[in-house]
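One chain, chain A, links the two complexes that follow: it is found with chain B in the first and with chain C in the second.
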Partner chain A sequence: MFIHQHICISPQHTSGDVDLDVLNPSANGQLTAIEPELTGVPAGLLRRMSKAVRMGIGAGLPILQQNKVDGIIVGTANGGMNDCIKFLNQIIDYDEGMLTPGNFVQSTPNAIAGQLSLITKNQQYNATHVHLGLSFENSLIDAQMHLKEKAEGNYLVGAVDEISSYNYNIDLLAGWYSQNIENQSFYQSKLPATIAGEGAAMFLLNNNAYDALARVKDIETFHASDIETVKARFKIFAEAQNLDSETTIFLTGENGDIRFNPFYHSCEAIINDITVARFKHLSGEYPTAVSFAVWLSVFALQNKKLPGHLFKTENNLSQLNNIIIYNNYHGLQHSFISITSN
Partner chain B sequence: MDKVVVTGMGIISAIGDTVAQNRQSLKKGISGIGHAKHFVSKYTQLLPFAEIDYSTSDLKKKLNITQSGATRTDLLALYAFREAIADAQLETSSLVSRQIALIGASTVGGMCLTDELYADANKKGENGSEYLLSYPNSAGAMFIQAQYNIGGIVNTFNTACSSSANAIMFGARLIKNGLATKAIVGGVDSLAKYTVNGFKSLMILSDAPCRPFERDRKGLNLGEGAAFLVLEKEKDAAGKKIYAEVKGYGNSNDAFHPSSTSPEADGPFLSMQRALQSSGLHPKQIDFINAHGTATENNDETESLAMLKLFQTPPHFASTKSYTGHTLGAAGAVEAVNTILSLYHQEIYPSLNFENKIESTGLVPVKEYGSKILNNVMSNSFGFGGNCTSLIFGKI
Partner chain C sequence: MEKEQLKQQVKEQIIKFLNLNNLKPEDINDEEPLFGDGLGLDSIDSIELIVMLSREYGINIQDPKEGRKVLTTVNTMVDYIEQHRTK
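Now for the complex of A and B:
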């Protein structure tokens, strides 16, 4: 499965002129996405869109305008959470009075893939995966199967999640976030918490190796709360990739939360000669942050380098051809993805 | 390629908490739509609902669940899941294999706890409720995964009212693509102020029991339920009871409007047509359609139109939403179970509350219970956001 185009809207300078040397700082423990101006969206639709829908359209529409696709596949844990709770607040505040349906219709997670179809009049396969920290990975698996079933197909695959004050409150109460740490220093925070992030990344996938930006070689996902299971599965996965320390980066989802560091450190130890890089000081933590990591991997493979602030260990690369991503969401949902330059 | 077959089913809905009970209600024409006893809302007394006759604490007791944070949605999912795996004779210890997939679907997840979510999302309390991890749509599948430590691919769909039809399709494709040997697929939704008020604001809730395909229909009734199917390769199912083959599936987007189907019914037409293509069947080989049939003005007319376009003379059809209400994210799986029951027992359950044909389409659903030779049956699920999915099950 090959990646031919990719667009990423994130808290960093990742859309338009990409500049990763500048690191935008978080504020109050949040990294909020920089939204590009949307073109090609009817004003009436745009006004009603939540940030999640806008980001999804912003990343997906330019790809759809240039390509005919055989499917639109989106991963999002929360969809339009902001509209969802706005509607919920009206239910409670007005004691189930007469409500307008706008927020309700915008709040359904499938609104992003649905709007992309609607705007481009695309009547092909359309799916929304909402399996929390594996929503994006399941979207990739969906596309991978489609490309076996229909070898000549083109698929738009991506992920979107927004910070709404509501999901932020819930996750803050659940103890995932702290408002007292920032992205320049959170890897050393020694706290059981991280910072929140958001963004959208969309990819054009097909089986055509020619002129591809990168290849998604392998994906594995599973649920586990114990380190031993993760270690055992990572060992098998890493061995199958034939890793070369001079050409490979291990890109981890380390997010400063001391509860999850042991998972990442154990996997680093299994491939201890491989250079380690991290990405969550750019993206923040959110359920589909892996889509940012995949965008970043493709960018790195294209440019053959990454800025120094991404590296955790000494950079021993002579050339960059492979990136192995490991992400862990809430210590329960794990994914390994292997991206190669060909 | 190996056939993917259904070897186990589990269901809990307003017409029963087992597959056998659901079949009995369908045979006898007993609807589950009426006054809700457990669901608390301003609309509880004003509108009919298809509610499951257990309180949330009854469900906890029956399932022997004592942990905190389990919502009604999680419990209903587990209830149906347990029946499905027992029916397919799967040892619970075998579920840790990385070849066992679990594909769920839900549109409300833990949002059934509207008041708790309101307090947590707006940080009304200092510490939050016990449900902080239980709100996402994925909570039901995560709850089941954790109960059995399921080792393979686990996923959740939310494509509105077609969610669990897509879960079934995805599970069958995982097996065909060699990414799982068995997939337990389905969906769940419980009654929620969120959806009741949402559909109310769209003015598509009926104040009387719903009347699918009736000229004077007034809208849908919301229901709750969960259903799961065990899918595996036919060659792995030797000696087991086989209900049906998953013979085809089609997914499309209507690309017309966020909450209504196009007058040309492109989405429904394409999903049915693609399901036929993937099964290799001709329209004439479909013997029965369990229609989406929500009884809204828009759906029943456009679905009728799509059936007429594709089949010219549509096969027998009915909507079991006149029994179970519209169970939203669970509807695709609930209706897959009902459709497979028809196929397995070679019988058709009548659509209830029908009297007059829609003038523009002139279609009449099946009104009487009866035996019928059925070889291939279709189940339709169409949702907001234009998401349409059709499934075809064949007799083994």
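Now for the complex of A and C:
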């Protein structure tokens, strides 16, 4: 499966003129996405859109405007959670009386893929995967299966998640996030917490190797809470990739939370000659953050380099051809993705 | 409440309820049509406005024909609110 186009909206300068050398800082334990100006969206639709929908449209619409696709597949753990909470609060505030449809319509997870379909009048396959920390991976697997059935197909695949104040406060109370951590230094925080992030990344996928930006060579997902299972599965996955230390980066989802460091460190030890890079000081933590990692991988393979602040270990690359991504969400949902230059 | 004060309040509420964040109350003309050529509102907005009248002024519009007349301009809304408000 090959990636032909990609757009990423994130807290960093990833859309439009990409500049990863400048690291935007987090504020109050959050990395909020920089929204681009949306064009081609009717004003009436735009003013009702939640941030999640705006980010999804901002990343997906430019690709759909240039390509005819056989399906739109989006992964999102929470969709427009902010609007969902507004709607639920209305039910309470107005005693289940007169409710308006706007917040409800915009808050459902499938509003993103749905709006992309409606705006572009695309009536093909339209699916939204909502498997929390594996939502994006399952969207990729969905596209992979479609491309096995319909080899000439073209699919828009992506992921979106927003920081909603309600969810953020719950996660803060639950101890997932800390407002005392900054993204510039969170790998050294030694706290059982990280910072929240948000963003959207969209990709045009098909089976055509010609002119492709990169290839999604392999994807593996599983649930596990113990390190031994992760190590065993990663060993098998890594062996199958025939990794070359001079051309490969191991990109991990390490997020500074000391509870999850052992998962990443154990996998690093299995391929200890491979250069290690990290991405969550750019994106923050969110259930579909791995979509940012895939965008970053494609960007790196295109440019054959990454800024120094991404590297955890010494950069021993003579050339960059492969990136292995390992991410886990809350130490329970794990994924390995292998991206190669062709 | 003075009529002019009520107009200002209704305009602020229209902006708030319909997320017309790029508009200020003074941008909305009292006689400008709310739907179609004027503010360019649509059917979903009409539901929002009917709910707004119910929540803010205790006015329940049941008849769609009546709703169409009430929601023509800011002036028609304000006139109706003055006559029918229960809060």
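Please note the rule applied: the second predicted complex is superposed on the first by the 342 of 342 C-alpha atoms of A that agree within 3 Å, B and C clash if a C-alpha of one lies under 4 Å from a C-alpha of the other, contacts with A are read in each partner's own complex, and residues count from 1 in each chain.
Assume a contact is a pair of C-beta atoms (placed from the backbone, for glycine too) under 8 Å apart; a residue touches a chain by one contact, two chains touch by 3 or more.
Source: prediction; values computed, not measured.
Engineer: After the overlay on chain A, what do you see for chain B versus chain C, clash or fit?
Structural biologist: With chain A as the common anchor, chain B and chain C both fit in the superposed model.
Engineer: Quick check for you: in the superposed arrangement, does A:D142 touch first (chain B), second (chain C), both or neither?
Structural biologist: first
Engineer: Figure out whether A:A174 sits in contact with chain B (first) or chain C (second), or with both, or with neither.
Structural biologist: first
Engineer: Taking the superposition as given, does A:G40 touch the first partner, chain B, the second, chain C, both, or neither?
Structural biologist: In the superposition, A:G40 contacts neither chain B nor chain C.
Engineer: How wide is the angle at chain A between chain B and chain C, using CA centres, rounded to the nearest 10°?
Structural biologist: 70
Engineer: Of chain B and chain C, which one touches more of chain A's residues?
Structural biologist: The partner making contact with more of chain A's residues is B.
Engineer: Is A:P262 touching anything from chain B or chain C once the two structures are fitted on A? First, second, both or neither.
Structural biologist: So A:P262 meets neither chain B nor chain C here.
Engineer: Let me test your reading of the model: by the given contact rule, A:T100 touches which partner, first (chain B), second (chain C), both or neither?
Structural biologist: Both partners.
Engineer: Once the two structures sit on chain A together, report how near the CA atoms of chain B get to those of chain C, whole Å.
Structural biologist: 10
Engineer: Go through chain A and flag every residue that touches chain B in one model and chain C in the other.
Structural biologist: 98-101
Engineer: In their complex, what parts of chain B are in touch with chain A?
Structural biologist: Per the touch definition, chain B meets chain A at residues 41-43, 98, 107, 111, 114-115, 117-118, 120-123, 127-128, 132-133, 135-138, 141-142, 145-146, 149-160, 166, 170, 173-174, 177, 179, 193-194, 197-198, 200-202, 251-259, 266-267, 270, 383-387.
Engineer: Tell me, which parts of chain C touch chain A in their complex?
Structural biologist: Chain C reaches chain A through residues 17-22, 40-42, 44-45, 47-48, 50-51, 54-55.
Engineer: Would you mind writing out the residues of chain A in touch with chain C in their complex?
Structural biologist: Residue positions touching the partner: 43-44, 47-48, 94, 97-102.
Engineer: Spell out the part of chain A that touches chain B in their complex, as residue ranges.
Structural biologist: 72, 77-79, 84-85, 87-92, 95-96, 98-101, 104-106, 108-111, 113-115, 117-118, 120-132, 134-135, 138, 141-142, 144-145, 148-149, 166-167, 169-174, 221-223, 332
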